[in-house]
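Consider the two complexes below, in which chain A is the common component and chain B and chain C are the respective partners.
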Partner chain A sequence: MHRLYLVPTLLINVVIIFIPAVLTIALAFYRWDGIGMPVFVGLANFRQLLADRVFWTALGNNVIWTVIFLTVPIAMGLLAATMMLVARRGSTFFQVVYFLPMVIATAITARVWQGMIYSPLSGIAGLITRAGFPVPNPLTQTSTALYGIAVVDLWHWWGFLCVIFFAALRQVPQEQIEAARIEGASFWQMLRYVLLPGIRPTITLMMIMTIIWSFLVFDFVYILTQGGPAFSSEVLSTLAYRSAFYDLAVGKAAAVAVVISLFGLATTAVYIRLQAKEFDQ
Partner chain B sequence: MDRRTFLAGGLGASLVPLMGRFAFAAGKPVTWWYESATPEQQQAIADVLIGGFNAAHPDYSLTIDYRGSEFDKQMRVALLSGTGPDVVYTAGPSYVAPMARAGQLLALDDYAETFGWNKRILPVFLEMGKYDGKLYALPKTYETLGIFFNQTFFDKNGWKAPTTIAELEALADEALKAKLVPFAAGNANWRPANEHYVTIALNSIAGPDNVYKALTGELPWTAEPFVAAISKLNDWWQKGYFGPDYFSLTDEQAFALMANGKAATMPSGTWQFQRIPTYFPPVNSECGFVGFPSADGIGEPVYALGVGSTLSIAAVSQIPDGAAAAIDYVFSPEFYSKMNSVWQGEWNTPLVDLSAVQISNEVPALYAETMKTLADAVADNHYGYTSWTFLPPATDSQLVNGIEEVWLGRSTVADFLAQLDATFQQEKADGKVPAVPAR
Partner chain C sequence: MRLIESRTTFVITYAALAILLLITLFPIALLVLNSLKPAAQIVQNPLAWPEVYRWDNFVRAWNDARFGTTMLNSALLAALTIVLVCTTGSLTAYVLARRKVKSWKIVTFYLLATTTAPIQLFLFPLYFGFARLGLINNVFAVSLIYTAIYSPFAVMLLRTYFLAVPKELEEAALIDGATPWQVFSKVMLPIVSPGILTVALIIGLYSWNEFLIATTFLQRTDRLTAVVSFFLLSGQYTSDWGEIMAAALIIVLPVIVLFIALQRRFIEGMAGGSVKG
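Take a look at the complex of A and B:
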């Protein structure tokens, strides 16, 4: 009887996740314009992807994005969370301030940065340029477009990590912290030997999720540059979107989606394995 | 207020939005999905289209549902699942052939006969809406590209509108010396704006005859005239004609720069006419517009023909006669006059006879003149081809993205054209190239 409780969630998962996932995988083996009848083409879509230099640019950009988000926001979040733990005064205020960008809609955040910060006409960059210190719009240079978008996403994201880490740090046993203080541990020693080991599961989970989310990144890239200029900020999800809705190559888009899923699956498998090890211990 | 009254009131209030479709609808409902529109544009649609049609056809009740900028994707999904509106509004002729082939659209030949569309609409546009010999779509609006400029600013500087490529380049060089942007342009809000300039280069430098040959498969896109055209466009980019902020500006910001005398000209489409009342009166200036000059041997300026959206009837429509009546209403001189008086550039239906059209005096005369020039160019078979109207989807997408690679030195003109040609030939083999009327 108790198994019936699983039915509603199972049903939702089957309808919303399983069936579309199976259909997407199946479509990766078809040529389809999204309008007429699909035609089976075997592995042609994957072969086409392998020969497509934009696909490799997009994959490379996803890897760069992952490296950035595995390091910068996690380091910033950890540092700020630890400092809030050490100096408790004002920590609630700073939590709210750091978390605020997270609750602003992506589209609004992106437009604010695009129009009020990066724009040479209406943004701070333009103001500085007019003052005699030329600041190019990073979104318009092929060498900086991806990093320009990453800065916007970092601004929006790191505060969330900070709050998560702060919540985890507060769970570290006070006795351990006190003992370290009595022993004369410095701030960095406290961080290295007491706090970080205390919140390792949280950090691991956040890193795993960061990898998965990094291969799904779409919103900021699409709003700010649509993958341009000249494909310099193209990522796999924008490539899939462009293929499906502009090139009307739904099969190729599905093949890109399958590649994205493979990275997510691999990362999930690693996470499950790590968790299983922890259970064993 | 007791709980029962509150619940009844709440239930009643929640049903109000649905009432319009059922209780208050006088005639049989005809549905139409539209893209995004500003409040003023929605008001114009409510007054001129819905109000005008419902008054003229009391048997029907037209409703417009605003679906946002992604409406074409919603439309494709809806038609695929056998639902959707009665009037099918597509993003251009390149979408018509696949939809017709999939049996999602109703052939309009009988309605064309009944309503006399064959006589009232320019034949070129009827050809563009055909698939497999049958008519499936009519263009909602047609447009062209040219050069906008600030006439008052030109007069002050002793400049004249260029009539040759050499004059255009001399003007642009002079503007550069004066620290002005020669071509106000930007793609920050609409990346496909890139194709406006590729279209200009292909038609004005390679020439419409060569573009026609390429569209019909007689000439590859790698042929010499196209190499010359894209090389010239790339030269202009490298010389800085498009300014330093192309990727940062929206087209509206670019228009403002041109109106304010910070840019010499703005090569763009006739849809920009709607911006004149906003940006020119405040600077006490007059706007000018001319066709883009052509290379030697091509002659008069070539007006590249663009159709950004088409109207069809869904094959599953329960009320196709009502949908046809709504489409017919859009092709009436009365509708043309009223709608273009309040909203220019989006409802320029291709009527053969514009003599009965009367546009408000508040609309710049330049707009009516330009539309008349374009209609004459089409009637005389002296027109060019916009990429967004005549290229199939993946080729067009390749053109939009690939030209950025050329401009930014990540690809060569030859590679760009080779990729364009390869994509085009593949789509041509798949039957995705839109109908191209014979010249």
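Take a look at the complex of A and C:
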């Protein structure tokens, strides 16, 4: 009875993820403080969100985050991966070092950047300021807080993409590269006409995952600024967390969670359609 | 294979790769360097070499973050999660790889779908439900949450290992009179054990480093994980960055040593799945 083999995984998954997810969707239509009886309020939670400036800031920040992570780390990763292909020697060493930030806990990465780099007292920013070039702490300015966090996440993240792209690049057929080389293609021509088309499925997949992950970003924002100053770096996931556990507005938190999931769902749908199109060709 | 022959290209390439290397290592170097310094010297210049080596940073970090207890909690949590994910995951991966059930497509799709679900989609009912059942501050309960979150990844990775095993092996064992359970446990499992080891390493790393679930579900001081107690130490109890960096190094060092020793497994496991998929 091989069906029984699936029971442990599915049981744990359904109890921990599926049932609570269904409850969250239901809770989005209730007002609940987490303790008493939930009160049905229809669409009130969503209507409140639409009128909430912080919600729009958070949503906008998630969009900015998505745009940053769709461009900067993917470009860095692709460029570095191609250069490793050119360099060949030492590529294993470069890979290991670039990947290293991925295995360090987010809480630790966040604190190192906060204290050793951004801090005006103990960090590099302070050192530069004392040398006569004032550098404000990006995390304490409303205009830069989000970007300050993004830099930390970029540092932590880009090497992962680089390693993935490098693995994909090595599977580009040798003959295509040879042929282009014999015809005298330059580095950029090689990249544009041979290598990038060769790993397009991997790039597409990574872009789709980037969009999904960009709406889930939590750790770095929560640890570095908790969404501040003045909600300037708030994202949807921190807004949901704070609503549920600090304001005890679980219904509102559930509504935000539903909005986050809708973005993930839409992205997945687009991906499946793209795949289907490619399949038809 | 060489893409481009010219010397200049080589020089530029290595220079660019080296700059990226420095950017990656710089914060890590700051972490190590300042873990040995007194706070006063860090405030003067975080880049300077330590004038005196303050080894007692590590002692104070160990005591203030109660690593004696919290590291044990983290290790227990990681071990429980590894055991749960590897046992349940390998069963599921085998069935899905060999399409032993008619619904294999639906199950695969369901598991993939849960990997894209935000934690906030199930966190709140789960928290208040666990609170009602008295499961807050329970390490085993948290390891169940980790299992649910990480097992889709483990199943997908293990599936590729099962797929690589020739079907004839299974058939031969069945002809020799082995039961289906024996085929799985005596024939298949030993062959895919390298895959299980890779999964164990990565799941161990994820649970050791995890923050959001741990900080929400394990709040009592004697139940904190090492990462969360580091977070609290650096946020509330001290502003001595020497001590904070020492605490960070204590948590990170075993991870980095393990990563460098087994880098191929880590990288293939964490990055490989997404290329094949």
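Points to keep in mind about this one:
We adopt the following convention: the second predicted complex is superposed on the first by the 267 of 281 C-alpha atoms of A that agree within 3 Å, B and C clash if a C-alpha of one lies under 4 Å from a C-alpha of the other, contacts with A are read in each partner's own complex, and residues count from 1 in each chain.
Rule of thumb we're sticking to: a contact is a pair of C-beta atoms (placed from the backbone, for glycine too) under 8 Å apart; a residue touches a chain by one contact, two chains touch by 3 or more.
What you see is a predicted model; the values in this text were computed from it and never measured.
In this superposed model built on chain A, chain B and chain C take up the same space, so to speak, and clash. By the touch criterion defined above, A:T106 lies against chain C but remains apart from chain B after alignment on the C-alpha atoms of chain A. In the superposition on chain A, A:F215 makes contact with chain C only, not with chain B. Shared-chain residue A:Q48: touches no atom of chain B or chain C.
Contacts of A:L121 after superposition: both chain B and chain C are touched.
When the two complexes are overlaid on their common chain A, residue A:V97 makes contact with chain C while staying clear of chain B.
Using the contact criterion defined above for the overlaid structures, shared-chain residue A:Q275 touches neither chain B nor chain C, since it reaches no partner.
In the superposition on chain A, the chain among chain B and chain C reaching more residues of chain A is C.
Look at A:G34: by the touch rule set out above, it reaches both chain B and chain C. In the superposition on chain A, A:F245 contacts both chain B and chain C. Contacts of A:T9 after superposition on the shared chain: chain C is touched, whereas chain B is not. Once the two complexes are overlaid on chain A, the chain A residues touched by chain B in the first and by chain C in the second are 34, 119, 121, 245. Residues of chain C that touch chain A in their complex: 1-4, 9-10, 13-14, 16-17, 20-21, 23-25, 27-28, 30-31, 34, 39, 42-43, 45-47, 84, 87-89, 91-92, 94-95, 100-101, 107, 110-111, 113-114, 116-129, 144-145, 147-149, 151-152, 155, 180, 184, 205, 208-209, 211-212, 216, 227-228, 230-231, 234, 241, 244-245, 248, 251-252, 255-256, 259-260, 263, 266-267, 270-272, 274-275, 277.
Residues of chain B touching chain A in their complex: 73, 76, 79-80, 95, 98-99, 101-102, 104, 188, 191, 244-249, 253, 393-394, 396-397, 401, 404-405, 407-408, 410-411, 432. By the touch criterion stated above, chain A contacts chain B in their complex at residues 33-37, 114, 118-121, 137, 139-140, 142, 226-232, 242, 245-249. Interface of chain A with chain C (complex): residues 2-3, 5-6, 8-10, 12-13, 15-21, 23-24, 27, 34, 76, 79-80, 83-88, 90, 94-109, 111-113, 115-117, 119, 121-124, 126-127, 155, 159-160, 163-164, 167-168, 174, 177-178, 181, 186-187, 190, 202, 205-206, 209, 212, 215-216, 218-219, 222-223, 237, 240-241, 244-245, 250, 253-254, 256-258, 260-261, 264, 268.
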